[in-house]
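The first chain written gets the first letter, and so on, giving A, B, C and D; residue counts start at 1 in each chain.
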Amino acid sequence: MRYAPSDLPVFTLTTGPVDAYPAVLRGLAATVLYDYDPAFQATYQRVTEKLARVVKSETMPVLLQGEPVLGLEAAAVSLIGRDDVVLNLVSGVYSKGFAPWAARSGAEIVELAVPYNEVIDPAAVARALAARPDVTVVALCHHDTPSGTINPVAEIGAVVKAHGALFLVDAVSSFGGMKVDAESAAIDLLVTGPNKCLGCPPGLTILGVSNRAWAKMKANPQAPRASILSILDWEDAWRADKPFPFTPSVAEINGLEAAIDLYLAEGPEKVWARHALTAKACRAGLKAMGLPIWPADESFASPTATAVRTPKGIDEAVLRAEVRARYGVVLSSGRGETLGKLTRIGHMGPTAQPLYAVVALTALSGALGALGHKVDVGAGVAAALAVIDAG
Amino acid sequence: MRYAPSDLPVFTLTTGPVDAYPAVLRGLAATVLYDYDPAFQATYQRVTEKLARVVKSETMPVLLQGEPVLGLEAAAVSLIGRDDVVLNLVSGVYSKGFAPWAARSGAEIVELAVPYNEVIDPAAVARALAARPDVTVVALCHHDTPSGTINPVAEIGAVVKAHGALFLVDAVSSFGGMKVDAESAAIDLLVTGPNKCLGCPPGLTILGVSNRAWAKMKANPQAPRASILSILDWEDAWRADKPFPFTPSVAEINGLEAAIDLYLAEGPEKVWARHALTAKACRAGLKAMGLPIWPADESFASPTATAVRTPKGIDEAVLRAEVRARYGVVLSSGRGETLGKLTRIGHMGPTAQPLYAVVALTALSGALGALGHKVDVGAGVAAALAVIDAG
Amino acid sequence: MRYAPSDLPVFTLTTGPVDAYPAVLRGLAATVLYDYDPAFQATYQRVTEKLARVVKSETMPVLLQGEPVLGLEAAAVSLIGRDDVVLNLVSGVYSKGFAPWAARSGAEIVELAVPYNEVIDPAAVARALAARPDVTVVALCHHDTPSGTINPVAEIGAVVKAHGALFLVDAVSSFGGMKVDAESAAIDLLVTGPNKCLGCPPGLTILGVSNRAWAKMKANPQAPRASILSILDWEDAWRADKPFPFTPSVAEINGLEAAIDLYLAEGPEKVWARHALTAKACRAGLKAMGLPIWPADESFASPTATAVRTPKGIDEAVLRAEVRARYGVVLSSGRGETLGKLTRIGHMGPTAQPLYAVVALTALSGALGALGHKVDVGAGVAAALAVIDAG
Amino acid sequence: MRYAPSDLPVFTLTTGPVDAYPAVLRGLAATVLYDYDPAFQATYQRVTEKLARVVKSETMPVLLQGEPVLGLEAAAVSLIGRDDVVLNLVSGVYSKGFAPWAARSGAEIVELAVPYNEVIDPAAVARALAARPDVTVVALCHHDTPSGTINPVAEIGAVVKAHGALFLVDAVSSFGGMKVDAESAAIDLLVTGPNKCLGCPPGLTILGVSNRAWAKMKANPQAPRASILSILDWEDAWRADKPFPFTPSVAEINGLEAAIDLYLAEGPEKVWARHALTAKACRAGLKAMGLPIWPADESFASPTATAVRTPKGIDEAVLRAEVRARYGVVLSSGRGETLGKLTRIGHMGPTAQPLYAVVALTALSGALGALGHKVDVGAGVAAALAVIDAG
């Protein structure tokens, strides 16, 4: 039995786009209202207020009308001017990829890099800032997804705050699946989206902005205005009595409301716990099958995605294709430097439930076996189950 | 009986966001696939190929992941470089508003303007081009929605073609509701979206690009790359075997497929006919009620939106609020210069059915009466019905 | 412009199946749970409890797993045994049609009939009961839909109660659109469903049962058990800790929950008011167009459906076909004796909004005109609007 | 980590109601049309014609408006009159439970029974018919779901045909998941529904009727007419130009069309293969974990549900509750005589995909371990995977 490429997959265990919650799908199907209809304006404000409870930024969250790649570019070009010095903390492909946007204004970019299976040491950040007291902005990717590693955002945030720089954080693929918010990590510009751990389709950016970040953007003559890249234009758009700069993505907003309602009803801590347990079970199973994870240390392996190293002699693309063809399971590849070196199993939103780790382990083991790399699926599942049962 | 602002409206007769087709809403609720899943990649190619049948551009249509305001900005900054001279044809708020984007590169902008209740005369375009043979790009807004006027795009296109300039057209709120395509109007860069006459929610841009336009953008060093504003990055993304520059809006693509399927199944000519008839009935009713339309001549009144002048002494915002509170009907205001001077009745997608004109006429008449401006609703509806029955 | 029979209609203004609320459609699309899953059992109890607030029966409402024709047959054969004498109050096709079910057990049926455009006089019921003191069950159809007439259920209920008989009421097409409940009308067995004024699709029956009715059914050896027709089997099924006699219609239950949530959120009185106003506007418009309603007196014309007499010389089926072909509007015919004599305009659920009366009036007028019976649509709409504005 | 009873389950692996296909859920959410709208009448005919391709009865399939328990009762009381002699083939709780319906008319019931973990031997049927040449109807439950056993329907059908009796078959939980149709098994009255292997919610019955069965029902004075239990009333209802006896369940019909479209698009053989492989993998895993299946011989174990014996000392209800609380997995219990003795894992519709067997095995193993009955989950999953990979 083989699944054809045109067959719908059975399990989408990816790092995004992720399988959406059924309630979110129904939310997307809600009646489309005119954006200036008072019922929609009230919806928009209500959704923002619900988000404020979890983003915990000093000011009301901002929604941008495109998936978080828009948010990241907009954050870079809005916050950073030609007179800035940016310390870019590089622990993977996504943090490295932020640099060109940060540099677009003409700012100087200072890089603090670690190997892509390591994470940033807060002490090293402190040293880098001591060496360059003129750094005005520090940029971090919390979960460098192509590596499946989690940087110590709160500790780094404390260092950045002590230094006085602005802290810009990409929390796209961690937010909603683990504890990360503007308050606890002293983040000035938090960029995330509903399309990962909140279980929505891609299409929106969520921003958490501090008062200092607003002031900096407003003072930045290079910050986009009257542009899709503008954050400034949207500052007051959350208020039901204020205009939108342009038409918001009404259906995505409706889907986001369903997602945030689910998140608040279940309780963030409970949601994080099932993400963490799913990932932990997954790692235990991989270990038992002799498949090392990509992160150099399990202590900073992501709770929302598990990156497993591709065994020697296996073509990673062939492996994923076999996983899909044989079992209907979709996994994610690496990106850039990690492409071909690892496979990623997403634990985000609706699939962040421990038994999905068993699904992934079984499928991975079967496909590896089919490609000549035999692993002990029984040991893997047993180890995963032991973790789940202890969870 | 009054509808509260928080009550869902009964009829959304707006110029966008518009009421979506029920089949589109169900399309939005389809299972969210991973963007690199072969089933989704095949979907993306299939949707593009269906669009190609109606966009009729020389090359495959391009989808951008944001509502058409993104497409318009992207088109301007991708196509237009600092050495260009742009003839911007201004017949309303939206065409006027295009200038700052066109000028961002440093290009010179030449304006040919008419009053906002008139349309551009192709002969005037010819004269303007004769006066400025160095014009390299001509920009037109086909349906300047805030005025409800339709410019003679095909005739202007012929003039532009003869001149040799590139023709950039905003067909956002006309495409899908009347005949307009890249081939018949010689358009080099057609910008539209599914969120008006195709009956989708806002969230995507559709571009039709000529070979010359691609060449121009590729040769333009200022054209965005690695940006949300890049068109270039998406050139090959429609092919199932090519990567996406970043994550597409999966759910919106699914909704768009439902819309294009409906459109092709009904048949474009049939769809256009019901848009035209609805608008014509609406205009006849307004006339019979003594309410002049905004366009100076009915011959260029839009088939997808009817702009009616606000009677003396009536506050337009109060009028729309009354229409909603009294009847649950949502209409659109003017924008910019036309704000407060007219009300717009959308005939787009699912509400482009003649009886909706009667709904709008009745609601408008009732609200006007309540505000002290009595009109003869009976005459209005009778006139509209006569048009429908002759349609 | 003509709508083909295969085209989806634009407006469904029928007496059932009716256009469903969008929120109900999304409810139907909710994840299907196993009926014995505790989450579904809790749902079933919760839905029943919400219904109890509006059915107001002495005991918890019972849901049967089929549209109300099942409920009516089940009610008849469960409540009525061979020793009963049933007074069947006949004011139309549906009340007349109840007799065969009532007689199935062998019970004697006594009929009190009025012309099908009249309603039952409570005093006549009192006389009939005085003449036949052995009557044990009185059956009434509250809204005899094929006539569009509303019987005085509360007054008749008082008479029946004084007599001591059991009162069985078909409130299928009135419940949810006007005031009618078990308590206020002293109903022992109220039969209704969500597929009319609650705006659900057909598929469920809702029963309100008094203690006396339960006792009577339990004592009736002929009452069905272990059958789709059994009411007794479902007595305790609403309780989350009790088994279902057989599998309930899970999706319909989910849809019903959405409907009852809408109903309670809007407030029954407000819902009834918009049904009443829509019907009143419709009647005023018909009158102004010279089209008499079927009920002999407007005082008992239904707020949930307006029956208009077919003008002389018009084939009623042709008329409805013309209404659909010309305007995309679907209306209902008469049934049985009223078939061919009247057309019914439904005002149920989402289309019980006053402007839909204008839609119906316009479509009816246009089709009549096309068939040679000219009416003054302007006068009709003006009259309807005057009612709406005074409402 | 525990799932609360009110939490939505993660995996519904039951024997019905089953998890529905997402496309079916969207089908249920389609616009509700008036049953006499020509567009709906065409839909109803089209759905019936699609069903005809897979039911393969001599005449067009009949839809009844209630889940198959209605169909079974209706079949019994329509086909069987007081002069009939019925051979009821009893291999489980459901076949045994058919007898009271079969006997309602006063017919004589002859029983051929086997233990509930065995299946009917066609030779025994032949002997029973030889002993009672007056048998006029033979009744079989193809898949006696509470036992998870599949009777040899085609072989028995041949015996019944040779005898000349009518063959009434309950194929509710096998149809759509394995080969069974009226033609290949010589079935005169096939009763099934969309709510098992076709992946719909419960709410409809599908009947396949032979010419002889129609003749028999028409000649039966006891066959219900003007009743929810009538089959006769619905004979011509599939035709777009014929009336419905009463309102059909519009939304369920829409859902069924989505299901039959999926079934035909995938191809019945391919659908059956994945049901069979899932069940086979499940059985292999159970065996490897030392958990015997309920059927006495694997050769007649169902491909659509696997019944596993409850280990000594384990309370089956506690076991299922633990499976749900610990892993969010919902399984089915036994029924009647098998209640408490076995647990059933459904492989129906969307969950008839091999990896769901792994999910079930893991959850069962973990819950058993938690209740003190340790099994080797690794061996179970490895055995299941070996079967899948060989499949």
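Methods note: a residue touches a chain if its C-beta (ideal position, glycine included) is under 8 Å from a C-beta of that chain, and two chains touch if they have at least 3 such contacts.
All figures in this text were calculated on a predicted structure; none of them were measured in a lab.
Distance from the centre of chain B peaks at D, each centre being the average of the chain's Cα atoms. Remark: among chain pairs A-C and A-D, A-D carries the greater number of C-beta contacts. Centres computed as Cα averages put chain A at a distance of 52 Å from chain C. One inter-chain figure worth recording: chain A and chain B are separated by 34 Å, centre to centre, where each centre is the mean of the chain's CA atoms.
Chain A and chain D have Cα centroids lying 44 Å from one another.
For chain D, the set of residues that touch two or more other chains comprises 22, 25-26, 29-31. By the touch criterion stated above, chain C contacts chain B in their complex at residues 1, 10-11, 22, 25, 29, 273-274, 277, 326-329, 353-355, 358-359, 362-363, 365-366, 369-370, 376-382, 385, 388-389, 391.
The touching residues of chain C, counted against chain D in their complex, run 5-9, 12, 14, 16-20, 25-26, 28-39, 42, 65-67, 69-70, 73-74, 100-101, 195, 201-203, 226-229, 246-252, 255, 324, 330, 332-333.
Chain C meets chain A in the complex at residues 22-23, 25-26, 29-31.
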